[in-house]
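You will see subunit A twice below: alongside subunit B first, and alongside subunit C after that.
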Partner chain A sequence: MITYLIRRLVYSVPILFGVNIITFALFFLVNSPDQMARKQLGEHRVTMDAVEKWKTERGYNVPLLWNSTSTGTGRVRDTVFYATSARLFSFNFGQSDSGRDIGYDIRERMGPSLAIAIPALIIQILLATTLALFVSVLRGSRLDRWTTTVCVGLMSVSSLFFIMAGQYVMAKLLRLVPISGYADGWAMAKFVLLPVIVQVLASLGANVRWYRTVFLEENAKDYVRTARAKGLSDATVMLRHVLRNALLPLLTNIVVILPGLFLGSLITESFFAIPGLGSYTIEAIQNQDFAAVRAMVFLGSLLYIVGLILTDISYAWADPRIRLGKA
Partner chain B sequence: MHLYPTDWGFFTVLVMAIVYAVNVARKPDLCGRWRRVFATPSAGAAAVVIAFYLCIAITDSIRIEQHGARVTVLDVILAPLRLQVERTYSAPFASHGFVKESRTTMHGKIAREYPRLEHGGRHLSNPDLRLSDILWRAGFGIIGGAMAWSVLIYALARLFRTRYGRGPMIASGSLCVALGFVISVAPSYHMFGTDKVGVDVLYQGLKSIRTGLVLGTLTTLISLPLAVVLGLLAGYCRGWVDDLVQYLYTTLASVPGVLLIAAAALTLDLYLNQHLGDHVGVAERADLRLFGICIILGVTGWTSLCRLLRAEVLKLRALEFVLAARSLGVGTAGIVWRHLVPNTLHIVIITSVIDLSGLVLAEAVLTYIDIGVDPSMESWGNMINSSRMELARDPIVWWSLGAAFIFMFTLVLAANVLADAVRDAFDPHLRRSR
Partner chain C sequence: MMCRPVGLGIVLVGLMAASNAYGARAMEHPWNSPYQALEASTVALYTVFQERPKHLDPVSSYSENEAQFTAQIYEPPLQYHFLKRPYQLIPLTATDIPQPQNYAADGQLLTSNAPDSTVARVVYRITIQPGIMYAPHPAFAEGAKGNPYYLEPGRSLPRFDSLDDFSRVGTRELVAADYVHQIKRLAHPHLHSPVAGFLSTYILGLNELSETLLSEHGDTQGFLDLRRYELPGARVVNRYTFEIVLQVKYPQFVYWLAMPFFAPVPWEVEAFYALPGMAARNINLDWHPLGTGPYMLRENNPNRRMVLVRNPNYRGEPYPREGEFEDVAQGWLRSAGTQMPFIDEIHFMLEKENIPEWNKFLQGYYDSSPIASDGFDQAIRFTPEGAPEVSPVMQQQGIHLAVATQPSVSYIGFNMLDPVVGGASAQARCLRQALAVAIDIEEMISIFNNGRGVTAHSPLPPGIFGYREGREGMNPVTHEWRDGRPQRKPLAVAQRLLSKAGYPSGVNPQTGDPLTLYLDATTTGPDMKSLFNWYRKQFQKLGIELVVRSTDYNRFQDKMRKGDAQIFNWGWNADYTDPENFLFLLYSRNGKAKYQGENAANYENPRFDALFERMRSLPNSPARQQLINELLAIARHDAPWIWGFHPQAYTLNHQWVGNTKPNMMARNTLKYRTLDPALRAAKQLEWNRPRLVPPLLAIALFLCPLLVVLKQRRKRLAILQ
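Right, the complex of A and B next:
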């Protein structure tokens, strides 16, 4: 197990390196540091001195990939690529292009993102599992057919619609919750309620349908027939046998998104003005703040890799037949 | 005739679809599968709806010169809608404006009142008769549509001598009735109202169809070669090729999708700013941007299909028929082309149909965060985006949003229903990877 984990972690280094190259290429090769400085400082009335000062502050005043004026390893090390990559890999995100400390911003904004993502995920799983179990017991009935139809309908509705309709009905017409915003402490609940409902609704259709297929597949297996043949009730069969075995494919799906919850939902957060990492990323994109976007990309891919490793571990945990490290 | 980049792409997609259809017609087993897809009532109906959307997108991709301006055939057909521009917002079927305007009355006083619209309901001498006028027109349109539909169905049945299923009948019937309604009402009223600068919302919604479909199909066109070539190579050659391809797609997949697209779109913007001269028109520029977005989505979106194909080829290459081919001396290229490609094609078809709905939905979301299509281009995302702020008005301006969501929902629902039937017909066991 330990050796397996170590191997997976070692494998993830080249992947992170690749991600780093992609983002670097996207940001720096097309857009020179001079242009970035002008963009941040204001397009036209900028002196060369100001541009140089901005570049020096961020360490962008050296060549991008290869420093021919330096000697030895300095040729590689005194470059923007090496410096910024080394900083990323040591989790020192440095300053954003607009001058704020990225690490501090990320720590600050993680909380609100989680405050929405975690309740949304839990409710979503519970609701989808219950509905799907219920429907798969009644397979082929009218209720089953209608549920699948409604699910396809729900899947076809844009998530933007749920957000806007939710804001209009719950906040404007019924005045149950504020339209957008965020507060700390207990006041948080009323701000979080609507985004959570919207997120659950937006993913409900796809989830219920997928869970239902998984349950039905499990339901068709021999051991289920055996269990029924020996006289167990529907409820016992579904809850004790089918649910436990269907857990495996469901688990992988959930675990892989677990670490990504930190990053929050881009759209939901920016619509509801939640000061989380999702809206942070959108702001960075809209302000063309490359340093911040790059940090978020790095963090996102790191969390994805962690998610993959967690998936493997959870496989081994849920299914004793699977042993890690023995391919 | 002048073609924009996305026109080239879109027509390439159509040509490839036709080539595939001809290929299907020659192979009885494939023919049977597709027949099973269309025999499902819901999928047959969905196919009719998608065909209708496609027709609109095609007419919107053929560009002609008219009065010195470059317009599409659809623009010419919709000329009454396109040219009847009001001053600002107006509600659906309205004869009066949505905003009060100051007007000097005959007695020299200034009155604040809702002005008559320049085009919507202009023919009415007495605006109070609006409702009955609309009902009359609607009635005529619906009856006309129903009659056109029965003639059409009769002609088709006579020509092809096949029986048509319940689904396509219902779908084509409702489409004809709806079309008749629109044709008789839309020239004299703004059915979905007008937007902030007075453009007819129905016209915008119809124009957006092309944007959505181009994005949905062109992206697949770009990602397919990457996914198929790399997936087949990785699965068949194994060894370092496999390692490399796996590394590539794990790396790409590990970058959060939206962020990668955002980064690439920012870069695309800068590139367009630096490399396009001033002589490039707004429309051409917007089209280039759409093309760029398709490339970005395609290049970032091939990983899941590639993974599926690799796994399938790994399974196939161990089977007897591949072994037999190899022992008979068939080369690698021959085995891949003659045996592996046809046997993995169903995965490609299923994935492409499933992707269509996702991409249409993604367009709206991407446009909302400013990394989608150009703001000057008609698209559902832009319609939603521009009318988002108006929700705070009182009374609210809901029609732009409503129209965009209805158009989008219809297409996505049809695509989802069709995708389900395709999946059931081609591979009941392939579970959708999310």
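Right, the complex of A and C next:
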């Protein structure tokens, strides 16, 4: 297992490097250092001299990828890419182009993102699993057909609609929760309630349909028929046998979305004024803040790699037949 | 079995109620209130900000979304009168408005109207009021010998994460040296003041100081003690007096003294923020500003909210006693002579989307709100005379409307370097004039701005000296006086002009095809597509084909800087209220392509330039008005712009907010506001009573089929067994 993990971590280095190069290329394909400087300094009355000074201080006054005026390794080292990328691998995100410490901002904004993401994930798993188990037991019934119809309906609706409808109904019409906002401590409960409900509803249709399919596949297997023949109740069969054996595909679905929880939801955070990492990323893109954009993309790719490793570990945990690192 | 779903429903509703109970205090506080109960009972104004401010350091801050904070905290020497129009400068910390003293190269004092060429130095002597104190700050905490406590050599800092962790605070009196220190900060190599380059051409020695600091400290971080450097353009005369020396005549400089770039910054604060560990915690002047103004920043969380609280050391300032005639009827002089500020706290809440902001305003949780396009019909209706008023629903809520024309202009420009539409030839001029007549700006304002705009007849907006109402202010090229008001000339006039331009019926005689023109624009939202279609139809009225080259903002800016665009959308917001700040948009030395200036049309006319140079040096007077009239006549004739419109700001205010007269130049207006928190609390409760019956019914409806199916299945299993 340890060997396997080390191997996977070593593999992640070229992946992170590649992601960093792609981010760098895409960013500077649409933004030049001059434009970044003007964005930070303002549009009015900014002189070229001021632009040059800003670029010099931020290290954007050297070539992007290859410095032909340098010699030896300086051709690579004296570039924007090298100067801004090398420290990423030591998790030193440095300062954003607007002068803020990126690491500090990320730590500060991770909490609000998690405050929505964790309850949303737990409720979503519990609710979708319960409903899927329920309708898979009642397969072919009127309830099953109606659930399928409702699920397809939920899947067909944009998440933006859930947000706007949720705000209209829950906050404006029924006046039960605030439309948007955030608070620290226990006071956050009333602010995260609506975003959590919206996120659960937005993903419920797809999850119930997927889980139901998985459970039905298990239901048709011999061991389930045997269990029923032994006279076990529906609840025992479904919870003790079917759920356990259906865990692998469910885990794949769940663990892969874990990185997204840390990175926040772009639209939800924006509409509910949640000061999380999703809105941080959007702001960085809007402000052409390369340092912050790159840090968030790097963090995102790193979390995905960790997520995939966790998936593999969870396989081994859920299915004793799987042994990591053995052919 | 049947009890479980019902129980689940009850648990859900219970959870909802429980989560609201905290901070909601049952029915005394609305469930949907975004604030804590304690906050709602204090005299606090609630407003919004949509974009996180990048800079709160007065040397770097230059955008509207930052000014709403900085203007309440920092105090430059001058400010705009809250009520009087046209906009008027009055002293803020200064004792009076400084008058420029012109000096010749030999040091001889010249008269105020001395020719520019004879003036070698212009001196502004500014005296500030004594006894003005800074807001409490750890940088002023006094040590044993009266020195700043935390700056004492060898002093170890407490463990800290924020400024609140510093137990000792202090204050000190504002002195002239603080203003001089701030002017030197314009040259600081790491602060990147956006106006440093521009002001270096005026303030004596600023450029040299900038170069010196860059060479000596360009690569070093930490505290840069600017007291060690002399700046001939800013010098302390005595404790309360300082002088600013310009190397050329710039009569509009006095307006700069009302901008945050000239707000005082004490050296102690810079030294304090340079202490070890501050930068890593984002503790700097950009995020923890300090000033002498009526408010200080208590909470700076630009990801959620920013809270200004009353500065306990504020000296107080009386509400203006004079205003305009209608200010009495509007109740805007009721507070005359009363000490300001009237509000204890100002909560700026981050709202990125218009819909939540608008709904919270209607629920009474924001005290004022602009009107988004989506909500315009719900909020505003027009009287038969065409005047806007709030809709009956809004009137029932006691909401009132304030309308003000912004000191800005939005226009369609022609690139005068372009071979087709540009240049001084009669042919090109007729083409531009034809388009200026044909493009129906009034229709554009009506369709795309809900009528919120005033047709522009020149670059000068209302409220700026030189602007004239009625027939005198009409652009005779595009409009004619009919039925007592200016009306756009008929299309036939535009068609005649087009024929004179050599394109009869819009046909290019060289190719035999319709003339094709190109509009460069940025796409900023879904509305732009319909606007572009509208433009195409307007050009099509003359038989001209318009190709819209929509691009992102960066590319658009690049094109403009290189002079590659042909026709473009552009706008300008006033820095200050002198006509020079608008007419310089047509001054050739300000051309964008040649000089990287703000003359985006790259317009050049020697006669215009000569008159402009004379006009900018004059004080407001009939002679200056005459020059402006001549300048406008030239510009209208040459038509480098289709003059566009001056946008109007519509703001809705709840009945509990007072002194809401819009002032489009002053940003420090929150000190004038009054508030009735008891009325607000009562109305919030009345408008936000929770409705519990519908959700309970919905839960019941959801559970019913579930119960039926379960019951049926239980029966079936029982039969099988």
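In this text, the second predicted complex is superposed on the first by the 323 of 327 C-alpha atoms of A that agree within 3 Å, B and C clash if a C-alpha of one lies under 4 Å from a C-alpha of the other, contacts with A are read in each partner's own complex, and residues count from 1 in each chain.
To be clear about the criterion, a residue touches a chain if its C-beta (ideal position, glycine included) is under 8 Å from a C-beta of that chain, and two chains touch if they have at least 3 such contacts.
Fair warning: this is a prediction, and the values are worked out from it, not measured in the lab.
Bringing the complexes onto one copy of subunit A puts subunit B in a clash with subunit C.
Number of subunit A residues touched is higher for C, counting subunit B against subunit C. In the superposed model, A:Val46 makes contact with subunit C only, not with subunit B.
With both structures placed on the common chain, the touch criterion links A:Thr23 to subunit B but leaves subunit C unconnected. When both complexes are overlaid on chain A, the residue A:Gln167 reaches subunit B and subunit C alike. Of the two partner chains placed by the overlay, subunit B and subunit C both lie in contact with A:Ser270.
When the shared chain is aligned, subunit C comes close enough to touch A:Pro178, but subunit B does not. Within the superposed three-chain model, A:Phe191 lies in touch with subunit C and out of touch with subunit B [touch as defined at top]. Touching of subunit A by both subunit B and subunit C, each in its own complex, is seen for residues 30-31, 35, 164, 167, 172, 270, 288. The touching residues of subunit B, counted against subunit A in their complex, run 247, 250-256, 258-260, 262-264, 266-267, 270-271, 357, 361, 364-365, 368-371, 384, 388, 391, 396, 401, 405, 408-409, 412-413, 416-417, 420, 431-432, 434. Within the complex, the subunit A residues that touch subunit C are 30-32, 35, 38, 40-50, 53-54, 56-57, 98-101, 104-105, 108-109, 112, 138, 141-143, 146, 164, 167, 171-183, 186-187, 189-191, 193, 270-273, 275, 279-280, 283, 287-288. Contact residues on subunit C toward subunit A in their complex (touch as defined above): 16, 19-20, 22-24, 30-34, 36, 52, 54-55, 62-63, 189-190, 192-198, 214, 218, 279-282, 284, 286-287, 301, 303-304, 349-353, 355-356, 359-360, 363, 552, 554, 557-558, 575, 596, 598, 688-692, 694-695, 705-706, 709, 713. Residues 14-15, 18-19, 22-23, 26-27, 30-31, 35, 152-153, 155-161, 164, 167-168, 172, 206, 210, 213, 253, 260, 263, 266-267, 270, 281-282, 285-286, 288, 290, 293, 296-297, 300-301, 304-305 of subunit A touch subunit B in their complex.
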